[in-house]
Amino acid sequence: MDPPIGTVREAVARALAEDLTPMGDLTASLIDPGARVNAAIVARQDGVLAGTLCVEETCRQVDVDISVSWHVYTDGDLVSPGDVVGHVHGFLRSVLTAERTMLNFLGHLSGVATLTEKYVSAVQGTGVRILDTRKTTPGLRALEKAAVRAGGGFNHRGSLSEMVLVKDNHRAGLSITDAVKQATEAWPARAVEVECDTLEQVSEAIDAGARMVMLDNFKPDRIADAVALVNGRAMVEVSGRMNLDTIRDYAQGGPDVISVGALTHSAPVFDFGLDLEA
Amino acid sequence: MDPPIGTVREAVARALAEDLTPMGDLTASLIDPGARVNAAIVARQDGVLAGTLCVEETCRQVDVDISVSWHVYTDGDLVSPGDVVGHVHGFLRSVLTAERTMLNFLGHLSGVATLTEKYVSAVQGTGVRILDTRKTTPGLRALEKAAVRAGGGFNHRGSLSEMVLVKDNHRAGLSITDAVKQATEAWPARAVEVECDTLEQVSEAIDAGARMVMLDNFKPDRIADAVALVNGRAMVEVSGRMNLDTIRDYAQGGPDVISVGALTHSAPVFDFGLDLEA
Amino acid sequence: MDPPIGTVREAVARALAEDLTPMGDLTASLIDPGARVNAAIVARQDGVLAGTLCVEETCRQVDVDISVSWHVYTDGDLVSPGDVVGHVHGFLRSVLTAERTMLNFLGHLSGVATLTEKYVSAVQGTGVRILDTRKTTPGLRALEKAAVRAGGGFNHRGSLSEMVLVKDNHRAGLSITDAVKQATEAWPARAVEVECDTLEQVSEAIDAGARMVMLDNFKPDRIADAVALVNGRAMVEVSGRMNLDTIRDYAQGGPDVISVGALTHSAPVFDFGLDLEA
Amino acid sequence: MDPPIGTVREAVARALAEDLTPMGDLTASLIDPGARVNAAIVARQDGVLAGTLCVEETCRQVDVDISVSWHVYTDGDLVSPGDVVGHVHGFLRSVLTAERTMLNFLGHLSGVATLTEKYVSAVQGTGVRILDTRKTTPGLRALEKAAVRAGGGFNHRGSLSEMVLVKDNHRAGLSITDAVKQATEAWPARAVEVECDTLEQVSEAIDAGARMVMLDNFKPDRIADAVALVNGRAMVEVSGRMNLDTIRDYAQGGPDVISVGALTHSAPVFDFGLDLEA
Amino acid sequence: MDPPIGTVREAVARALAEDLTPMGDLTASLIDPGARVNAAIVARQDGVLAGTLCVEETCRQVDVDISVSWHVYTDGDLVSPGDVVGHVHGFLRSVLTAERTMLNFLGHLSGVATLTEKYVSAVQGTGVRILDTRKTTPGLRALEKAAVRAGGGFNHRGSLSEMVLVKDNHRAGLSITDAVKQATEAWPARAVEVECDTLEQVSEAIDAGARMVMLDNFKPDRIADAVALVNGRAMVEVSGRMNLDTIRDYAQGGPDVISVGALTHSAPVFDFGLDLEA
Amino acid sequence: MDPPIGTVREAVARALAEDLTPMGDLTASLIDPGARVNAAIVARQDGVLAGTLCVEETCRQVDVDISVSWHVYTDGDLVSPGDVVGHVHGFLRSVLTAERTMLNFLGHLSGVATLTEKYVSAVQGTGVRILDTRKTTPGLRALEKAAVRAGGGFNHRGSLSEMVLVKDNHRAGLSITDAVKQATEAWPARAVEVECDTLEQVSEAIDAGARMVMLDNFKPDRIADAVALVNGRAMVEVSGRMNLDTIRDYAQGGPDVISVGALTHSAPVFDFGLDLEA
């Protein structure tokens, strides 16, 4: 599912304003205004494609005359070094003006998708699904969450407004039981999740009616204990300081989902180039 | 130098809208509205602080009653695990609502500053300075460029509108000599830089009047040749696929500056926590 | 819980621009610029107060010198004709310029809260809770949903992005079972609800794992059948063409919640006046 | 006359952002992306159509591929239950994503037009015209005023910046005569209107040069007295607490116009449905 | 009367973004961050002050710590070379960053006020008033119209939405009589004005009920004829290609108002300086 | 080089909102909605064309059905009274609604281009180039700087963020030498310019490494001295209170560039008309 096109339009307009204000592209002004070009968007590494809608929108906003084609590629596809994922055709001036902005989007979002795919692969066969978090880059949440989906991950809540997630900081002077009951009372149509540090808390949360429990910094073997304790009465989420090397250990404990902040806050860029064709 | 406060205001408003639209913070609604808290912003790793202005602005926009203090810390300071860089004081509801957004800014920007400082340290003593690029996260250029400065790096051009940088893609049917002369003619008050693949191109660019040359993917020893050739007539920039392990080799060639896209496109988050105090 | 203050700021700025662009308040320009006034916000009917934050923000944006006080009143309070809910104090020019905009917000939102309270009262003692819908006035969803809460109602999903609600229009070529399973697969952290026209559909939805079922245009006695069938395995929502006279009949069927579009799309204004005091 | 298209674009973008942020339409993501649909916009009650431009713009912003056709209908037309006023054709996913937003606009604005038409009908044959007021829903003034025109009503001033209307609150320490003279002096190209509580005030206003007088809460028979007194020297507006049952009595008094806040602040939604066709 | 503060806020934010994006003020970064300054805003020519609100808002947006004081001066005051109209006090960095933007507003708007005052003086004693037009600088209409008022001029309509002004281009296939009657019918609460090229047209317009006639490119003696013909039945506006030397001749003809596009489209800047004090 | 299209879109949207909010074009509503027109954009004076992109965008935003053609004309072309520079074709209603906004842009920007061309002509043959300044109309910098280019002028820095320009106000407690060295240290990739009042300052600036010196209020003969002193080591800019009559004297001194604030802050409008064709 693509991110909302309105969000894409605004993000692209903002990025182009950053790069072109106030005078526009000084260097492009040296180029023959009638020269046209066909340029290939080429992957320079392995990974997962994401952000094609942003590329299209960037070109459209720079110059409606630019056409973009993706051949067989779409968000979520695996690509390898040298793969020509798409072509951009139009006036050379316009294409060069759009180049950096389109690659910044494509590289960042494909970076998120690629890192997501690595986590998904790391838990393959365990039945565990990888979730993102609210630890997104400010201003890019919708786009990054779409990139997570492209990489095979799933989206946790999109904002503080969607569901109730009671963390330890919320519980000063409020027991888990009271928190869940009040939340269920106040927000009947929402899922209620509780962050738990101990099995006792897990029990209390489930008994109070929580639909999800988040095991915070549980060791892998204690995860299995918690899963056994929950016994299908709620969705079990694991969260904490795991990485690509250790996540499988956590997954073996049998939770439903593992949420990973790194997907959106620490994904290195995916390297794409724009190669002009003769 | 701080980023423009107007840019900070807009970026924070956008991030808060992402996290609170439409209903606001459901979970915070469970908390006693009169409860107040003192919370410490604690570093959980080594690195460089950046983004304090965004934290202040986030708090101000969520609730003007929240106060933020930074003790002795300011952007650019080195911090270590456990360092309490600042405190946030206010209604518990408001502080928790602001928490994720403030940490997203602080973590991302301190991540940029921290990676910058690593590159700066890697070339220490060589006299080379580290520059950023236009490979920034869409919508955050001004903030990331300020974070680069906090990390001891320097800012290359802020946009396509600032200076002329002739890359190989611009030179279809336009010699370096013609490009520099036309650029100087059209944009007399701007610096002109030329991306060069060979020493011959370096010579041609300098002779035509370029103020900067960018050596693209030069091996370290060829950099020294280029520097000797330029002989102070222009600023020498090195650009390409170096990393923290290899950059010092490139710096030994004696360029003035090395530009590193990774500073802004691949910096992992810096880990900060918000610890409530009793 | 108040709506996000950022949303309030934008809505108020927009409303003031509508009323003051381009020249400002021509009539107020006739008034002695030094004259000050104390003005009472007076209820002219029975109902529930909502929108006080918008009043404060309107005054702040027109003239920071205006002060607003609410005495003992806050959103959600019952008010009667003649009740002075608050006072506005400041320059007469500024107060008159702000008057219409502040009353438009207060009247509209208190109208929503008041109508909500009527529906809540109509089902009092049945244990049924009243939910709003996405049938909100364009541009005012966050404010109207807060007004629903002020009136004792509860918020259904805030947007299409929050949860999955499979309606009949979604089911062309997709069985309820498949829809729920695909939804659960694609959106593991979200509630899945299914709109049902028959008891068979209710059974199918529950069996497939739906967390909520929406009984669409069920007669009251068939609601009881459905509730018995569901037997606590999911939340039961009733939706359809009921009004204040008929809703109690539907509530008697024993659903958990009844959603009412009229709360936000057909609430008449609540009549408030601004009375200048000597 | 349509509302300004720029205003429509902004209102629609805002409404779609409300409904789709951040992830987009979760439920629509379950639908076959290639499935297309033809859907009828069907009136479910009697009344007057308004807001077609908003429907078109909603579809355009969601997916440019959606086409909208209105057959013989246009804003201002009378419609009856079962009337198919238009068709929407496009991808099923896109149509369902756009459905609620387009119907929210169409229902609200047709509701305004329909209520307006009832007031217009109530005074039919009296020669009195129905005016709207500034008591509009915040953020929707331009659209609601266009809907009033569609319903056969007329627009009073669009903002505080258009004309001078001296109300009793403006007259603290300023006689009617002085107010009108100062207003005429300060704003020579504007109409000046005075709100009057008594016949003496009407006389004073006219003598001072007012172009319009607003009779505030005059009983019907006193309206006739005022009209006789004015004797064509100014436009006579009646304002106050009339409703559909009583307005004709007021109109019999012979004023030129009656302004009715309810047109825009208390119009119930008009019920439209979107029916998918086989 | 000041322009709406919301408009001022937006105009200032836009202007600062133009001047500071993306990095901020590079040169100011060289200055000791603790240095404070007192700076005088000094007139360097004769004329009329306007735009003080924009200066205050510019300072507030750059740094809330800057204070602005105007001594005895306010918009509309006459100033002479050397007059210190106000002082700005704050951090030297901030004051220099704000300098150009505040002076651009002050110089442009005082330029408009100053030119207006010249036209006003040129017709002094004739009883004619000077009006502005819709020929304003895009994006600055509200501010320029306020500056016209500061200079002693008056505001014609603020937009196409305020009143009906039938020009010759509107009359293809529509007689003056029909145009006025239709306008009066469609827009009962608005003034109707007709642009006339001949005395016959003036007669026709008045007879049809026009409240204002605009004599377009009438010679001064024909203006007197038209005024005699109108004989107080409507407001007479003169418009056309007059300048400061010729306007008095036109005014002698006795119209009520003369509208002058030059006030807003051709006013040279007013020269102000910012002098740092020891 | 055109200004960034995104900037044009925003400036036009803002200008149209100013002229059409809230109701739209009242007068155009009287016109037959089906009537079409061909209208000529006619120059009424000598000068240089600029702003065609704004005209196109204005028409597109008012009604996509309007077509604009420019025949042989483009920004930068010389035009004479009576020249038909372009045609606008579409519905009469739409064309009249767009008329004033398109002419306001075209007149203002062609005014800037025309005044620029006069300054350029005044120094013809001297080899001096005319630069603009940051003394632009708030909100229109990008468009005005493009108009300067159309008139044969060149663009000085676009904002405070582009280069370092040390003025006397920056030098409180900071010598020229220190300022230049610190600037070069802090902003290695930027040009550094110093405003100088004396030849000694010029020497100091050059010796410290400044790339440009701005001679502030130098008499023509002292300019020659400064140029001789600089002797090609830096670009020499002249700035100050010259006008069209005196600028050639300054140019004779041999500077590289002369910057003229008047280009953008005091250019009178260029007179264009829109003539409907039969």
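In order of appearance the chains are A, B, C, D, E and F, and numbering begins at 1 in each one.
By definition in this document, a residue touches a chain if its C-beta (ideal position, glycine included) is under 8 Å from a C-beta of that chain, and two chains touch if they have at least 3 such contacts.
This is a predicted model, so every value here is computed, not measured.
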| item | value |
| --- | --- |
| Set of chains adjacent to chain B and to chain D | A, C, E, F |
| Any chain that touches chain E and chain A | B, C, D, F |
| Superposition rotation for chain C onto chain E, Cα-based, multiple of 5° | 120 |
| Centroid-based (C-alpha) most distant chain relative to chain E | A |
| Matching chain pair for B-C (criterion: over half of the contact pairs shared, by residue number), options C-E, A-E or B-D | C-E |
| Rounded Å distance between chain A and chain F, as computed from the means of their C-alpha atoms | 43 |
| Distance from chain D to chain C - Cα centre to Cα centre, in angstrom | 22 |
| CA centroid of chain C to CA centroid of chain F, Å | 51 |
| Per-residue multi-chain contacts in chain D, two or more chains | 18, 20-26, 28-29, 141-142, 155, 158-159, 161-163, 186-187, 190 |
| Overall pattern in which the protein chains touch one another (line/ring/star/complete/other) | complete |
| Touching residues on chain F, where the partner in the complex is chain E | 11-12, 14-15, 18-32, 35, 37, 54, 92, 96-97, 99-101, 103-105, 107-108, 111, 134-142, 159-167, 169-170, 172-174, 179, 182-183, 186-187, 190, 261-262, 265-266, 268-269, 274, 276 |
| Touching residues (chain side chain C, partner chain A) in the complex | 129, 131, 154-158, 161-163, 186-191, 211-212, 235, 237, 256-257 |
| Complex interface listing, chain C residues touching chain B | 1-7, 141-142, 145-146, 155, 158-159 |
| Touching residues (chain side chain B, partner chain D) in the complex | 18, 21-22 |
| Touching residues (chain side chain F, partner chain D) in the complex | 13, 16-17, 20-26, 28-29, 61-63 |
